[in-house]
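Next up: the structures, one after another.
Okay, so chain A shows up in both of these, paired with chain B first and chain C after.
Entry: the complex of A and B
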């Protein structure tokens, strides 16, 4: 089985390499087609007073006067060697910016993911179990409404309620504005709202999926059989129906990474969370190509890794695949 | 469908009884009413409004909702109700154009993949997979950031990130059409590939494409709003829903909830209405779901 798994992973990576290659090529082409002049942007106000010769020299220094193909290959070569370049807006190496911020994003997104999975499992099972009841109607209604509500708007309403009106929790940031150190308790208090909003905004499809899938499974023969054997309702639903209903769900969670990235961008921006996702917005606002390119590539990697992880988990979760191998 | 109490044979009436449960019918009517009211507002209000939506009146800045201003005023003293209607108009216009652009790109790619088949199909579908691997909003941000911001950049960014669904739908429809007898007949009668695509495929694809495009409008509006909210969309002086939510966020910490609540509500309600109608339509057209509704 390990060999089959390795073969699948190798296949996926084989697809990932040309994909990442294509993404770099697309980004480079877009950057070259853009009307922004990096030298002028670098100089800022000084562009008006800098003599054209000096501007030319910077251009030559950066290799912007060489043929496009050569520029691309140099950039790609640096990228492969781990040199992501310097962020033009933050005036620091891109690798350093990402290193500083990635941890915070992983912390927030990781907690949100756990909360979302746990919450939607409970809500979805409850809705399917009491199908047609007021509880079911409340849960599905909330899920549909949540699907239609833009996450940044939900985030703002939550800030208004919990930070402005009730004053229970801080409205944003990583720590209190006055504090100079990063205390775990302080970070935890600042994390509650963004994590909860991200988890809630991502949960609606999952709740609806668990509900639909479980309702479908409850009609299957093995569930009827389990009931006929006189098993308790709780055992039938949790041990028999839910286990089978959750199989497709593993793949789906892996396929939702793009939406998770989108949610993270918006939530981090609303709550001024200093992660990589909000950095992409700051990079975009100042047309900071090196940082934006690195972050886009990182997000693409996350998507590929997400689906690979999901497929691997599926192999372990589904006994049919585990025994018969990956087809 | 009519929902009156027309006399019908006993058996059929019972068969239909559950399908006509009051809940779904009511929510359907509510959704339609919401869309009609908002549509009329967007079309008519700019014609009859006596106030100017961009008029700054600092004497009546940040007024809570009241009789003179039902949705209150923002920190510049502009009427939020009027601006929200204008904002919906702008966002809807951008959304419609963007949805049309992405449906067109998707149709062309799907037609090419489905008609040419073989290697071209495989390559095009891998391209679709590739585009799907880059998170849409991030890709949109990337495009907008590198081109001068404005409506065109937003339309291009939404168009380039949303065509994949349309391409998949069109391709799968073409694949089923290909095996239909009338296509064989057309080929035997000597029609070329172009003629088959134009005369036989496109008319069949029309309804599918139209439905995909309509369902894409809320996505496109959402995308525009998100970009504008991040400060990367339409120019800030223009009343668009995203710009208004962004403006409202600033006065939110002072406790003014209305400048951010209402623009969001005007995005939320039509999206909910369209998705509930689409859900209903899907339930009706899927025989398995339909039988479930009736039982």
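Entry: the complex of A and C
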């Protein structure tokens, strides 16, 4: 099975190559079509007091006056050699910018993912178990409302409640404004709100799914059989029903990665979290193409890797599933 | 996205919280070790060569010269303010100054810094400001000689540019660990969040009293106000309306600092309606600048009638007007010029209705409100001004045909921006003189002011230029903005001075190294 899995992974990676080509090419075409002038964004306030001749020179230095296909090939050539170029808005190499920030994003998103999985499993099981009770109604109602609420709105509400009104937790940033070093305890306090909001905002789907799936499974013969054998309710739910109800859950998690990326962008922006996702907003606003291109590439890779991982996990979870290429 | 979404929602939230809690700003004891300044805009780059604090006010760097609160120059890394002799200026350097990394400052570092700005491979946004420099020489360790392409009196003002060590910009390490000679040295930076600095124990000008300094960035005005109220910041720059809640709060001081940052209507001179002097004059007469300052700027500003701010020595006091409107006089000017009343309330002359478009950058709510105010005042005298919000990229190609609500201004030298804005040589060159204003007299005066080094002669030339621009009503100036700061605790050494359009020159915090806790 391991060999089969390796083959599947190889296939996926092979498929990722044309996908990445398509994504990067689309990105270049969009950048070309964009009405925003990167040189003006680069100059900022100074655009009004800079002579057109100097702006043209900067454009030429960046190669923006070259044909699109030439710009693309140059960028691709540099990428293959491991050179992501320099960020125009931050005046630093893109690799360095991403290196500085990726860790914070992985930390926040990783914690949020764990919290989301654990939280929605508990809430979903509780709702299914006590179907029709007030608990079920509260959980289902919250899930629907949460699904309808935009992430930034939830974020702002939470800031208002916990940072402005109650003053329990800081409203944003990585550390206190006055702290001059990065202390783990300080970061932990600043992480609570963004991680909780990210986890919560992505959880409704999963909660509703776990509930539906478990309710369906509870009606099946093997569960009824288990109950008839006099097994404890806890054993029936957790050992028998949930296990079988969870299979599609794995696929769902893999498929949610793109939304997790979007969620991270919003949450990082609202909470001033210095990760890669908030950098992509900044890169987009300042038409900082080298940085934006690298971040888009990273997001694409995250999505491809996410679905690959989900499929791999599925193979392990359900022996009936056959790996692609093995009949 | 952040600005639009969060601003909207936070405005509501903060308003709500202020209303229900009405909690006074917490009075936290003033920390003497760490000072946190809450700023609205974060510099992209910390390199003076890329334009960071080129007009001084950087705490990391020193220029050859720096400014007193009244904007007069004082020597910094130079031992004295030299005289501009034709096209040569010679600076003598202070001895015994070291960079934060311990290397001594020499003239090679100065020459390197200026050459890097001028090197077009470096994509520096401020290269144009230094275009008058032909070459920079360092004949010995303490002498720097500037050779100019043409006589250029403002060169001394340009010498505020921060000096970096020779060769430090090669490679990419500088932004990660900037090195200067300034009163503070770099500790760390979290992009999007803050920059941490510490006092330079070897500073030639004396060690600052504030030992640790955090520049915290938050682009949202309401978030900054909230963090100020929560005691996270020791000082913050805020828009007037957000600062109002801190008035009369114990332990907090609200500073309103005058600026050269004006807002005005730029007219396209070749368009049929705005090209007519009578229309421009009448509009200027009909505007209620006092109301604009009172309501739109929340009192933090003053009516403007010319490009040079009243609080500086270069201002011509004769260029003034009435802050309140004179509609009767405005109507008279229009009637005399043949703009007769039409049936639809819009005046017309020979079949041309008195109608023009006034563009403003769509994301700028202040300019939008000013544009609407101009339109409403214009309507009262029969001129139909149509405000249109557009993106800068859409505005640029239309500037020769449509009027634009622009904002600029620097207090340092009257040559700055005005030379390009009013000299006919720059007509239609990007944002330089976009309205194609042409006046041989103004051209000559601007050139004279730039070339003469005698301050009295320069003053005369700029007085005449201001008068001429006002007579031609080349622009209709609306208001000079005031920048508002809230500071916690009692400090001595706070020295506000007339500020530029950007906060880049440090604003109130430009001399933070001289602040001391009041006893």
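Here is the rule we go by: the second predicted complex is superposed on the first by the 287 of 327 C-alpha atoms of A that agree within 3 Å, B and C clash if a C-alpha of one lies under 4 Å from a C-alpha of the other, contacts with A are read in each partner's own complex, and residues count from 1 in each chain.
The criterion applied here is as follows: a contact is a pair of C-beta atoms (placed from the backbone, for glycine too) under 8 Å apart; a residue touches a chain by one contact, two chains touch by 3 or more.
Given the structure is predicted, the values throughout are model-derived calculations rather than measurements.
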Chain B versus chain C as contact partner of A:287, first or second or both or neither: first
Chain B versus chain C as contact partner of A:50, first or second or both or neither: second
Which of chain B and chain C A:144 touches, first, second, both or neither: first
Partner chain in contact with A:27 - chain B first, chain C second, else both or neither: first
First, second, both or neither for A:269, with chain B first and chain C second: both
Which superposed partner A:134 touches (first chain B, second chain C, both, neither): neither
First (chain B), second (chain C), both or neither touched by A:296: first
Partner chain(s) touched by A:37 [first = chain B, second = chain C, both, neither]: second
First, second, both or neither for A:156, with chain B first and chain C second: both
Intersection of chain A interface sets (partners chain B, chain C): 35-36, 152-153, 156-157, 159-160, 163-165, 171, 269-270, 281, 285
Footprint of chain B on chain A - complex, ascending: 19, 22-23, 27, 30-31, 33-36, 144-145, 147-150, 152-153, 156-157, 159-160, 163-165, 171, 257-259, 261-262, 265-266, 269-270, 280-281, 283-285, 287, 289, 292, 295-296, 299-300, 303-304
Residues of chain B that touch chain A when the two form their complex: 129-130, 132-139, 141-148, 218, 222, 225-226, 229-232, 245, 248-249, 252-253, 255, 257, 260-261, 264, 267-268, 271-272, 275-276, 279
Partner chain C, residues of chain A touching it in the complex: 35-37, 40, 42-52, 54-55, 57-58, 61-62, 86, 89-93, 96-97, 100-101, 152-153, 156-157, 159-160, 163-165, 167, 171-178, 180-181, 269-270, 272, 274, 278-279, 281-282, 285-286
Chain C residues touching chain A - in the complex, by the definition given at the top: 1-2, 5-6, 9-10, 13-14, 16-17, 21, 31, 34, 36, 38, 44-45, 47, 50-51, 120-121, 123, 125-129, 172, 175-176, 187-188, 190-194, 196, 198, 212, 214, 216, 218, 223, 226-227, 230, 232-233, 391-394, 406, 408, 417, 420, 426, 429-432, 501-502, 504
